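Going by the order they are written in, the chains are A, B, C and D; count residues from 1 in each one.
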């Protein structure tokens, strides 16, 4: 990215601080808002109130997710609560804003105010990059929770979306026997084509007793008590699906089956990489929009 | 597939004969039409004229492509020309027909006659399976046309669609340094995520001098004289894109660059696998349609 | 293993308890000695003193290592100290004994007493199996100690022995750029042949600044202060070489380079797999010796 | 290789011509002997008789194999027969000579004459590099001889030496299910550790019916009539073992099993790479000998 931009980073955790540092290191002007309790990295300017946000920046960056309670900005480093509505009202017409996990109502609001609003999670480039630390984090989790190795073990990955695809590739790369489940005939063909063993998601129960490690990526109740009854002793289940996940954790506890709900892995296991993924996606957006 | 069906296989080459044999071996009733010059496999019944096609079968199977000249059935084993229009007129209402590379006008005709018409190439499952022999065939071609090994060489795959994805995976599996090019930021993210080196298709010319083997999968003029001028001595170019392909073959000849247009690889390098892919796709269609 | 044997397991930690359980589950007679403080697994008989060891068993199994202080048995679950010399004196002539990390003097003693003594670490089968959890443990360690992913990063593996070979394969399987160093031209050829980038161990210093993660497997001072001075900020060093290892940890601390000496990984990260490896090796020894 | 040497290349086929070209391109002085019928590459000097070989060169390079009939030099581009004995008599004391497949008697002769004689095949670096085109050539052979793909097929590799190891890695990289057989427990452990399925070579017959493609690397009669009787219809056997190989080809023909004896693959499928491997090995020898 040769052109230099001005960025306002508004709210967020360490990942946003890392992002600020990366952007500043590339020579851009970077301003931090709603992060008074953090130490601004070298070359980044700490701003004390959000009123100056009405000065147009090339790009305003909100966190992922932008809000947790649907009302206020996700800003753990701020001493104040900032209402999302107030924030959006402060932006100038034509302002480019990038944020994560936005509600439809915000897009409507942005549309009416002439704000160019982008959600990371609508971007294929970001969701792919974000799947890398999720897949690695799932492997790290399985390695640390089991008493054996992944090499040579039967591993099942439920769902062949972004995370499923990368997780299968990495598990095979470690020497595991990889099974993957899906529902669509096209996905099942891909599973075969990559050399994994295909399973129909509706028939998991028939072969669930074979697996040493089970990774779920589908947000649907797929590993219920009835499936858990057949799970191998010493098996481990890693649920990667967003809340409420796909595993009946109460039943698992009762049946003494080891199961973990591993959420928000990118920020936890690889905050630096997560910040780099944000930066790359922001650059892609800006170059596509011809900024 | 537990249920038994009756199939009419109408026209086609050895791949369709292999398909007839596979279906018969699974216990289905199989009839051959417009293939009088072939030897019917065990358990397959040779029919001498197509008039009896008006008897409804569970499924009528035309070849891939169903027609080459847009008028008559692709039937190299027949002594007669059969018009596609006459053929479709013979089918009963409600008849399921599966064929390949169909024109839109045939779908219209089928719609008006109440025929349930399916094109293999509209099916993700088939196109994925069909990419496997294409990718292997491309590798076989590169191995036999070059004086060196693929292991350790710089290979470029242009385009990250079905064939591109599988070809990259197999080339890396053989120990090559794999570069892949695409235009969309999402595809470029996938290329990185799988561990290949990403390149923007519009910038191929900048690094084309680095590559020992170049595989093109995009049907657009990407390797023109101006790119060929930079290609390494002893490099090899394998063009997999359908006619007219993406390589200026005249310029390549003139510049003494080795280049091959490798077309219709599945039927050539793996006819048996190609027939199995058709069979699996037909079973998928029938089970989805609740036949 | 169809034939049934009688085993005496003498000393050791949880790995030996797991081993006892595995052997008992296969239908063998298993007796525990010098493990009074442990709970004997189902079907395993707890013995209170070692005097009955003079009753010949098909195989007596000592831990790995058999002794830590060169004098007494490694027996953390025992209330008593047992001298290695006394132990060996108790064994009958012709007794088969398997143990780990034995001193030459014990082999001499065994030779004079007609004891058939085997060291796990002399067995290629065991050292290979034991390298699997070491390689996985090293990866788990790197994943948890770094703030980024392994995918796409430059990883160096110093030494291309058992652990080096498997570690390289697994790192590449995770999508890392793998460099490996060795000294012998044959090993360097293997590194190239497998598709990793070869480096001469004597020249590590020239390219050490390139690496995000460095794994050392060679027990020699290779990562000294002078090499550490060139190591990238944020890089991570995982030393797998037995004590004193190959890294100057004092210098690393001073230079604020993150470095870990990861020892005895099989027992720590995969005690169950470690017990299975012992069992398989014991079966191999017994079948080769025609017991 | 910064230092410049003088090389005499004596006899051999296109591979030696390629080698001459590579050495000349690196700036060395290169002279061709016993190759009068070939065109010397740029910068290489054609010599008409071997008498001048008594002028010491830094290194004299004979072909691989140096002789086919055990008496005369392997020199298809020469108009004359040159006796190996005469040739060796012509060399000066202290002369470095590199050649391939030498008989013990020549080493004796060399020892007595003070000639420093090296055989490529004694070098681990060369045999590893030479295994790469052998493994790729075996795959190319299987791809072209079968009517199906390697992806998803059951492939057996008999023997886990240099070629076996690389062939297994490449077959898995193409998506095959890889089985490998060996006799030593250490090799079987390696097979497991790399994630292939291990088989004892003595028990091949028990599972030979499972395999779609069988590669033999062991020069011993392992695929006899009794094994062939169980081989799957449509299976393909590729024998890579040096003559007489490991397959009963007469029985295979009789039983209509497709089998090929694929010999001398490096020179056939990758002559340029084969020349590069020779060059690299020669440089390794010269640098180790402190020339």
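Throughout what follows, a residue touches a chain if its C-beta (ideal position, glycine included) is under 8 Å from a C-beta of that chain, and two chains touch if they have at least 3 such contacts.
Please read all numbers here as calculations on a predicted model, not as lab measurements.
The greater number of contacting C-beta pairs, out of the two interfaces A-C and B-C, is seen for A-C.
Taking the mean of C-alpha positions as each chain's centre, the chain lying farthest from the centre of subunit C is B. Mean C-alpha position of subunit A lies 37 Å from that of subunit C. Annotation: 51 Å between the Cα-based centres of subunit B and subunit C. Looking at subunit C, one finds that residues 132, 151-152, 169, 175, 192-194 touch two or more other chains.
Taken pairwise by the contact criterion, the protein chains are fully connected, each one touching every other. Against subunit B, the residues of subunit A that register as touching in their complex are 123-126, 128-129, 131-132, 166, 169, 184-190, 192-194, 281, 284, 288. On the subunit B side of its complex with subunit D, the touching residues are 132-133, 136-137, 139-140, 143-144, 146-152, 169-170, 172-175, 234, 269-273, 276.
The residues of subunit B lying in touch with subunit C in their complex are 151-152, 175-176, 192-195.
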